[in-house]
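Following are the structures in question.
Presented sequentially are two complexes of chain A, the first with chain B as partner and the second with chain C.
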Partner chain A sequence: MANLKTAEKKTKAQSMGMHTEVLTGKTQQKFFNPDEAENFFYWGTHNVDFNKRTELDVKDLDCKQANEKIDILMSEGYGTIVIKNPQGKHSLGVGILNKLNLIFEGSLGYFGVGSIDGPIVTVKGRVGWSCAENMMAGKVVIEKNAGSCFGAAIRGGDLICKGSVGARTGIDQKGGSIIVGGDAGAFTGFMMQRGRIVILGDVGINLGDSMYDGTIYVGGKIGSFGSDAVEAPMTKNDIDWLTRKLKIAEIGNNVDLSKMTKIVAGKKLWNYDALEPTEKKGAI
Partner chain B sequence: MAKKKKNKKKSIKEVKSQLGKKKETAREKMIGQTIGYRYDVNLLPDYKKLTPFLKKYIEHMGWDDLNWLEDVHMGYEENRPAVFDRNANGWVTIPKKIKLPDNQQDRDMIARELLVKFQMSPNHPLVDLKKAYLKF
Partner chain C sequence: MCGIAGLIHRGKSSNVGEELQNMLQALKHRGPDSTGYALYANNDGQNYILRFKVGENVGEGSTSVNEDESVYDERKKLVDKKLSELGAPIMKEEKLTPYSYRYEIQYGKDLMWFSEAIESIENVEILSIGKSLELIKDLGDATAVSERYGLNKVQGTHGIGHARMATESGVDIKSAHPFWGYPFADVSVVHNGQLTNYWNNRRALENKGMRFMSECDSELIAVFLAERMRNGATLEEGMRESLTGLDGVFTYFVATKDSLGMAKDTMAAKPLVLYESDDLVAMGSEEIAIRSILPQEIDTYDPFDGEVKVWQT
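Showing the complex of A and B:
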């Protein structure tokens, strides 16, 4: 194994100092004040009222115009926004870093509600590829089915699909909970690093392939396990957590949680030594 | 003499069981990072330990539970307790004056509360960046 600090022949990356960087992150103690006043929203976001409700018809708007309109409504204090006629448009409701109750009366196209941080979203239809990609926080409920890469690279929050989902659900997941009432396709939990996936129905082949960490719960049949995905015993803590989450998701009333299969990483693929410094930071 | 030996063994065991006190391996020292985690990253939160501040935060956001904070745990930065702030991509070290319990569930709740306060603060490092680069 090469010593990162004493490598003689320098590559371009090494000469830039990337290999000699000590992986301790950036301590920011000087910014921290435990007596900070109570404040529940990010600087520059809007303090909206859930009881202030409005409707927005996006039939004649493109996704950029519709998203700008949502932002304007939030700045006016509207906490509940009902989107009429989404008509499967792509990238609707993306980048909302605010508390908000957002309701889509119809279906969304690709990349719907991506990169959100806080809102509660209800989609009363279907969603296309990569719904809630890179979601940071909040709750998203899809009443019908979802396409592939559902919750790709999700980092936090609850993502719920009451129907079935496509392949690669939770690919590169780094946190949060994905809950599926129906079935899921192949490579579910592919390369997941943290968080939880719950599939109440059946799941396709290569479940949890190359997963580094995190937990997958399956209620139905499993097509096959992926590389380094192994079964683990269910604990009381798991059952308590599942009971609470499924109640929130309003699905799975009749599921016997004690009979679910729990899948975790076998940790045979763990090889932090070989990671580049920047990759290691991203995996935290 | 025999009594003294017994006491020594007991104190060593106590240190080993403390959170975050795992002895670094030679490899870990060389690469400057810990291999694996020193705490349970998959630990599910115990809602009986919820702090009043977190209850208020959940209520304010309109969520049913801790939501994204379920994945927040008390970690370590240079052997000192710290919380990882994903927005700033760095560890926020816990000041020495805050005494932390040994139980990970309690420590995690404190980490969650401190992280929310830090992220929502006008002193957060992203505020300056936002002021400088905000496009819309």
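Showing the complex of A and C:
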């Protein structure tokens, strides 16, 4: 475990009061602490080669069979896996805990790529409810639309939807970034605890309802604010961060970032920063 | 949790029976107790199609009381007698199961009065009345019900269906969806969700003369819309009123002779995925329902909270 007490906590984001979490995914701990990595075994991970590419047609497989095939391919060192004919199947690509370039040539159903820690995922279609739920690290890009509970409880990484998303996007979010090119439904950022959400289009009612912490940026109209959500002034740091993230997301080239609305928690419901690291880990 | 599916072909007919069967079978995991279809078939429009049941399916995990089949025949004879008294000649008669029938009848008067008269016979329930609506519901999955009633060859323009997981009421046909929009011909409703102000609304609607046949909260939607339409509202107006009049979580579909509509509650708590093109709209609780009839790559989306949409054939 990384030594949290000596870690540099006062990052730029922290100084803005936007983000206080240090830890994200275990692969990130490993990445940022080489000494620790030598003593660290992460069960269920594989060393893969991005240049080793293969395709997997899941048309006639159920989700368990498909996920087992992906695991076998990773164990054989394949670092780029293209999934053909996902056809809206549920729970595909879940529980991948290592670096991987995973491409879905089609749409996913519910709980796609949930509980991942490190892979780079591209979905060329749409995703159903709860895409990337509990994601720890990595990058997920959805080329079309997404259902409700997009990025539920994610703790780290970048989750990007180029289209529109349903209700309760980022519900219970604990870290990381969710970036949406289109509109978002009701209760976006519901009970959000950390991290950042960017919606370039409009959002529905009860935005940021019961949010503890974190930041939401909205480019379009807001249906209504939820309890505890308040508007805050945009700063240069916000614009710098948005510029960098939108470049990574490859969307929002024409958005006037200075005109975006910034939403934060208006009431401190829980003081994470006063907790000891072990307590903090348990709390979130 | 239940699964719902619907589709409408615009400007043409198709094998909606088989299409809806495939969509509902893909949603079987959401509701294994019963399956229902409301198919809008290419009938000649001359006669009313009356579908009714004189008893329950007591097999397949049913919670209904077992009855001797002889009582079904007695009830059927009473229905025939009542139709004669109402001046509604039977043009065609089909016995579909020991407990359900499909009649083609001629009738030109008030349907509410007609329905009250038929349903005054104990344990007789009208499943639907319409010129094109064929409403079938029974215990079992989509394929089983379709095979039992020969639905996979039904040609028509649109339909809605439901795979039910019984939570609020029993495993029986009377609680299965779709619900007929009594007393309107050719109106049907399916619902996924839970309504929390059922009894308040039910008492108010019953005081206005509306009838409930089950204790399933979903029936409230059909009755709610029917009452609004009886008072002059359009289907879409009634659906918009339902967003505030109904409390709880819901996504529901309603179909009429020439239209299909969807409504989603203001919290968007229940799922719905929608595909829309110039000649076809298909929607379901999960994308796999749509994929069962459109396996090629298509653009789908989730309607937003509080959204109401209506499409015409």
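Following the convention adopted for this analysis, the second predicted complex is superposed on the first by the 223 of 284 C-alpha atoms of A that agree within 3 Å, B and C clash if a C-alpha of one lies under 4 Å from a C-alpha of the other, contacts with A are read in each partner's own complex, and residues count from 1 in each chain.
By our rule, a residue touches a chain if its C-beta (ideal position, glycine included) is under 8 Å from a C-beta of that chain, and two chains touch if they have at least 3 such contacts.
Everything quoted here is computed from the prediction, not taken from an experiment.
Once the two complexes are overlaid on the shared chain, A:87 sits against chain C while remaining clear of chain B. Touched residues of chain A, counted separately for chain B and chain C, are more numerous for B. Of the two partner chains, chain C is the only one that A:186 touches; chain B does not reach it.
Of the two partner chains, chain B is the only one that A:44 touches; chain C does not reach it. By the touch criterion stated above, A:106 is placed in contact with chain C alone, chain B being left untouched. Using the contact criterion defined above for the overlaid structures, shared-chain residue A:166 touches chain C, although it does not reach chain B.
Taken together, the chain A residues at the contact with chain B in this complex read 3-5, 22-29, 31-34, 36, 38-44, 50, 68, 71, 99, 101, 118, 120, 136-139, 155-158, 175-177, 194-195, 213-215, 237-238, 240-241, 244-245, 248, 264, 270, 272-273, 280-281, 284. On the chain C side of its complex with chain A, the touching residues are 266-269, 271, 273, 286-288, 290-291, 295, 297, 299-302, 304-306.
By the touch criterion given at the top, residues 87-90, 106-107, 109-110, 125-126, 128-129, 144-148, 163-168, 183, 185-187, 204-205 of chain A touch chain C in their complex. Here chain B touches chain A in the complex through residues 27, 30-33, 35-36, 41-42, 44, 47, 53, 56-57, 60-65, 67-71, 77-78, 82, 84-86, 88-95, 98, 114, 116-127, 130, 134, 136, going by the rule given at the top.
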